[in-house]
Amino acid sequence: SKKDDGQKNLSEIRIGILQTPNDVAAARQLGYLDNYFKKKNIKIKYIIFDSGVDANKALISGDVDFATMGDTNGVVAMSSKIDAKLIWVNDVIGNNEGLVVKNGSNIKSIQDLAGKKIATPFASTSHYSLMMTLKKYNLLNRVSLLDMDTQDIVAAWNRGDITAAYTWQPTLTPMLKNGHFLINSEDLRNQKVITANITLVRGGFERNHPKLVADLVKQLNKAHEQIQKNPKVIITAASKQNDLSYGEAKSQIGTSEWLTAKQMTEQKFLTEEFQNQLYKTGNFMAKQQTIDHAPTKAEINKFVVTKYVDELGEK
Amino acid sequence: MEKIIEVKDLTLTYPGGTKPTLDTLNFDINRGEILTVIGKSGCGKSTLLNTIAGYLHPSSGEVLLNGETIVEPSWKIGVVFQNNALYPWLNVAENIGFGLNMRHFNKAEINVRVDKLLEQIQLADKKDDYIFSLSGGMKQRVAIARALANQPQLVMFDESFGALDEFTRNDIHKVVLDLWKSLHLTFLVVTHDIDEAIKLGNRIAIMTPDKSSPMKIIDNPYFNIDLEDIDSEYIKYKNRILKQIV
Amino acid sequence: MEKIIEVKDLTLTYPGGTKPTLDTLNFDINRGEILTVIGKSGCGKSTLLNTIAGYLHPSSGEVLLNGETIVEPSWKIGVVFQNNALYPWLNVAENIGFGLNMRHFNKAEINVRVDKLLEQIQLADKKDDYIFSLSGGMKQRVAIARALANQPQLVMFDESFGALDEFTRNDIHKVVLDLWKSLHLTFLVVTHDIDEAIKLGNRIAIMTPDKSSPMKIIDNPYFNIDLEDIDSEYIKYKNRILKQIV
Amino acid sequence: MKAKNRKYLGITVITWLVLLIVWQLVTALKITPEILLPSPEKVITTFINLSKYGYNGIPLWYHFMITMLRLLSAVGLAIITAIPLGLLSGRIKIVYAIFDSIIQFIRPIPPLAYYTLLILWVGIGETSKVVLLYLAAFAPIYLACISGVRKVNVDYIKSARSLGASSTQVFFHIIFPSALPDIFTGIRTSVGMAYTTVVAAEMVAATYGIGWMIVNASKYLKSDVMFVGIFILGITGVILDQLLKLIERKIVFWSGKS
Amino acid sequence: MKAKNRKYLGITVITWLVLLIVWQLVTALKITPEILLPSPEKVITTFINLSKYGYNGIPLWYHFMITMLRLLSAVGLAIITAIPLGLLSGRIKIVYAIFDSIIQFIRPIPPLAYYTLLILWVGIGETSKVVLLYLAAFAPIYLACISGVRKVNVDYIKSARSLGASSTQVFFHIIFPSALPDIFTGIRTSVGMAYTTVVAAEMVAATYGIGWMIVNASKYLKSDVMFVGIFILGITGVILDQLLKLIERKIVFWSGKS
């Protein structure tokens, strides 16, 4: 809890995780995290969240120290002045999120979606990607958007209640059996519309235990280095952690990019590119009135703490 | 004398009961009389009345109305209950007209009969009032009028005046006797008040738990007696009844 | 004669009412007597009783118990209600001992008093029974015993026997008179049954709506009269009372 | 009497004022962060803004009307189906034997437990929302009808039969009006149950409704909007109940009077 | 009488058998896809598997116990707080004036509307879950206490005063037992309300509980698991209510008699 913040000898770190085969899952399975922190007499407690929405709530109430979420939820956290910092980009989303339509429907291109029902989980990266797509094709107020959780999207898809959906894996797999992508987040990434999963740390924790934050980033970075050298090891580990088959885990990871600290530093990813993206995202969401004010560049700069990645990357 | 009701070997045992509550009863009710029934609490007065009304079915024996076996309740036998059982969602006139309405009389006919009864029970000005605004005595008068609206062959009262205070009860006794006289009705009045049984009954039926003669019907010389005229003979007569009950 | 209760210029107007329900009443209750109060429904009998009991406060005037003004209910004045007001969650013995228990008497003392009272009301065998398993008459006997357990100066009855049938009522009258005689008690009995008022009252208080004399207390030559001994003089006496009520 | 009542009304008003002042103080002194407890002014300005500009492009009154419409159609459906079934169940033992155990089984199940199944069966449209509310609203009316029928004064039925009413007439002219006070209590409970379920119903695939607005606002951690929504639901709930009590007093005017 | 009751029990049994057979037929003939309606065998084998191997690595009975524990601690809390407050509100007008309007205001608000706020305030742990259920359970008991106190036979109070009881003694020895039958009705309603909220409470950041199991299963569209969960909740609901009725009959044995 928050009270432990001042304490020098911390006995437990609580991490909010998503149930997906990501770097945290792999690092956890491979013992990068637990073994490492056990040496410091620190236990790690994992708390599963269904979405970044709930993770944000837990950050506010002080029930978690770290939380993984989509960057859109990060923007929400920033604009609602939650005391939290962005310290890590877990992955840049690729074809594991996308806009699908049913095979054989009359939708040949994105323009054909005008007047149709499209489902997506609101406040998610998919939501943002969908909105950017719609904006580009001038469809913003010409489709009816439905806010649904992923399981409800599958149900509605099977019943034919919706024409299209922007969602993520594993929901996509059954839908792609009788459907296909109109666009996916990899395409958007190539058009410089980036969405990513990020890790936030609670402000109080970061101020009191910067060394532990650095340690955690270092361990996650290990998974990133590993996947580029030897993807099989990571995919196998992530699949085991999430009770998936190798194939399932592989397709759920898809073409998402796990940048190492080194790559992030070299590409000035955290210091420039991603901060620009957050700025654009914030502006768009504010315009959509989903958040009440757009974060300024200065706010973003305070929110994104680059030193942990930089320290690692410059080695 | 013409018999309206014939009770023949009437026996009734409640389901689950071991002893019969009514045990081979035999008696008649004559057209135009008032028969009062008196007996200790639990001796079966209400059971008898419910059987004649058709709510209960004899275990053996039968009850005849004008020579026909009674199988279910009908408008031909009216009943006035202790707690009047007036319908609170209907006003006074609608309560009185209820039976006629159910029997699909036309509106005009219903109005005529109801208005006449309202006159007779002296409640013409309460016509549109709802039941909850009436006093206890008024309620019982409406209940009597409701039972009479159908012009039934027999009207039965089950301790209908027991909840009223002495003064109101005296008023109601007068109303009952007036109606009986002017409309040539037949009444069966169940009560556990001996004075009431004597005041209202042409004949008095005494129910006893004694199986050899569960019911004794006696003539009543003091029918409609005025309180002022009570003498020691009356007291003796009353005490004789009292002793037979206990 | 020693006065237990003195009622002095007692006037009571209900909040929101315009006319006083009790209007300058003046009378006393003597130690060791039974005073019965009779009057039409709504004339204020219960109001008077509630004021003496301390549930209601006089608008003006006062009521004294042994020379001290009554300000709130106390164990010194017991009350028996029409619907007995026995507590269904307690058994017979616990009901009778309730007052002593509240007054922190020790268990042994309570047991002694309760057992004695149970004997006197002939319900020793019902000691552990709950109220709902008793008949109406038994309930009233327990209610009387409960009021007596505190050995109060005065016990008041508010139409306590009105809901009982005639036969049970006669039994209870006997119990009441026996207790009164053997324990040298003082009773105030409110009733609207004239026969009951005559049977139980050393003196009879007649309440009338007539403002010039709202209360008339008369001596009663027929106190504790046997039904067998009733003669035409009795009837005349009764009718005289009846006329004063109406 | 009246002066006394005014005194107690005064105490109630003071209680709310004290709450308001404490709220104002806590937020003014920044004892809690704004996101946990927005200030009263903030909530009021948010309410004004929502009234002016709507939420998510849809006017606030429209969100409100939609929610009410869903609620009332569900309760309406429950009324016209549960009353006949309940009255019959109370009167005819076979009907009771068939339906009662099923309803008793379904009644306690939390609506959220079967919402996903409902969506699989009837889709994400208005139907599933109304059906969910309907299922919440059904049992209270049904149970109230049964208890109403069981409580009917047997003397009413006896007297009606002796006055010449047939069994059918007894049902419509005696049983039904006798049970009406209970039915109204049931309807009030039923509205309460449906009302409690309204946010759950609007959680899936809705794009308007006050419940949806609250859920959506909670995704973006807009606690001011959540407060506005909660106040709207709270006040509406009280008004709805008072309204139903008023109608009840009009229709079953005799109830409670000896 | 007994023979008749057995007849109606038979009809109930037959009703359930017919339902079961229809269910069996519909699934056997593949009229509906398995995901919409898993077959009875499938549900039974799923139940057996869940009992043997648990769900998500946690034994089924543990899920069940956790849910019951949350429910019962919430109701327990509601009982020990709502009864005193309700009795006092019913008896002392100032207490009523202070609390009643607040409770009347909060009562109709759907728990899901303020769940997010609750989580922000007290966190994602057990506290927020129990508090949510507690808020759902509070009002029914409180309201039942007030109505119980208002119904107390005034002659009970009068007679107790005349027997020498002080005001405090009247409160504990007369008001409280008099209101007990109503309090029990309130407790039963309260358990029902909390029960209905159990899935909502376990929707956020839980990793066990029957409600959580259903929600989690619905994420993966495991309709067989959802069915098992729903049946468990339905049956438990009925048993819980019967149990409470039994306790009620033991403790307020006098209620409804005389």
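Each chain gets a letter, A, B, C, D and E, in the order it is written, and its residues are counted from 1.
The working rule: a contact is a pair of C-beta atoms (placed from the backbone, for glycine too) under 8 Å apart; a residue touches a chain by one contact, two chains touch by 3 or more.
These numbers come from a predicted model, not from an experiment.
A.B. asks: Give me the set of chains touching chain B intersected with the set touching chain C.
C.D. replies: Intersection of chain B and chain C contact lists gives nothing.
A.B. asks: Go through the assembly and pull out the chains touching chain B as well as chain E.
C.D. replies: A chain counts here if it touches both chain B and chain E, which gives C, D.
A.B. asks: Computing the C-alpha centre of each chain, which chain sits at the greatest distance from chain B?
C.D. replies: So the chain farthest away from chain B turns out to be A.
A.B. asks: Is the number of contacting C-beta pairs greater for A-D or for A-E?
C.D. replies: A-D
A.B. asks: Approximately how many whole Å separate the CA-defined centres of chain A and chain E?
C.D. replies: Inter-chain centre distance comes to 39 Å.
A.B. asks: In whole angstrom, what separates the CA-based centres of chain A and chain B?
C.D. replies: The mean C-alpha positions of chain A and chain B differ by 86 Å.
A.B. asks: Hey, how far is the Cα centre of chain B from the one of chain D, in Å?
C.D. replies: It comes to 48 Å between the two C-alpha centres.
A.B. asks: Which chain D residues sit where two or more other chains touch them?
C.D. replies: 35-36, 116, 120, 218, in rising order.
A.B. asks: At least two partner chains per residue is the criterion; list those residues in chain A.
C.D. replies: 57, 60, 149, 151, 155, 158
A.B. asks: For chain B, jot down the residues that touch at least 2 other chains.
C.D. replies: In chain B, no residue touches two or more other chains.
A.B. asks: Can you list every touching chain pair?
C.D. replies: The complete list of chain pairs in contact reads A-D, A-E, B-C, B-D, C-E, D-E.
A.B. asks: Across the complex, what residues on chain E touch chain A?
C.D. replies: So the residues of chain E in touch with chain A come to 35, 116, 119-125, 204-205, 207, 218-221.
A.B. asks: In the complex formed with chain C, which residues of chain E make contact?
C.D. replies: Where chain E meets chain C, its residues are 153, 155-156, 158-166, 169, 173-174, 177, 180, 252-254, 257-258.
A.B. asks: Can you name the residues of chain A that touch chain E in the complex?
C.D. replies: Answer in residue numbers: 47-50, 54, 57-58, 60-63, 149-151, 154-155, 158.
A.B. asks: Which residues of chain B touch chain C once you look at their complex with the stated criterion?
C.D. replies: Chain B residues touching chain C: 40-41, 165-168, 192-194, 227-228, 230-232, 235, 239, 242, 245-246.
A.B. asks: Mind pulling up the chain D residues that touch chain E in the complex?
C.D. replies: My answer: residues 8-9, 11-12, 15-16, 19, 35-36, 93-94, 96-98, 100-102, 104-114, 116-117, 120-121, 136, 192-193, 195-200, 203, 211, 214-215, 218, 223, 226-227, 229-230, 233-238, 240-241.
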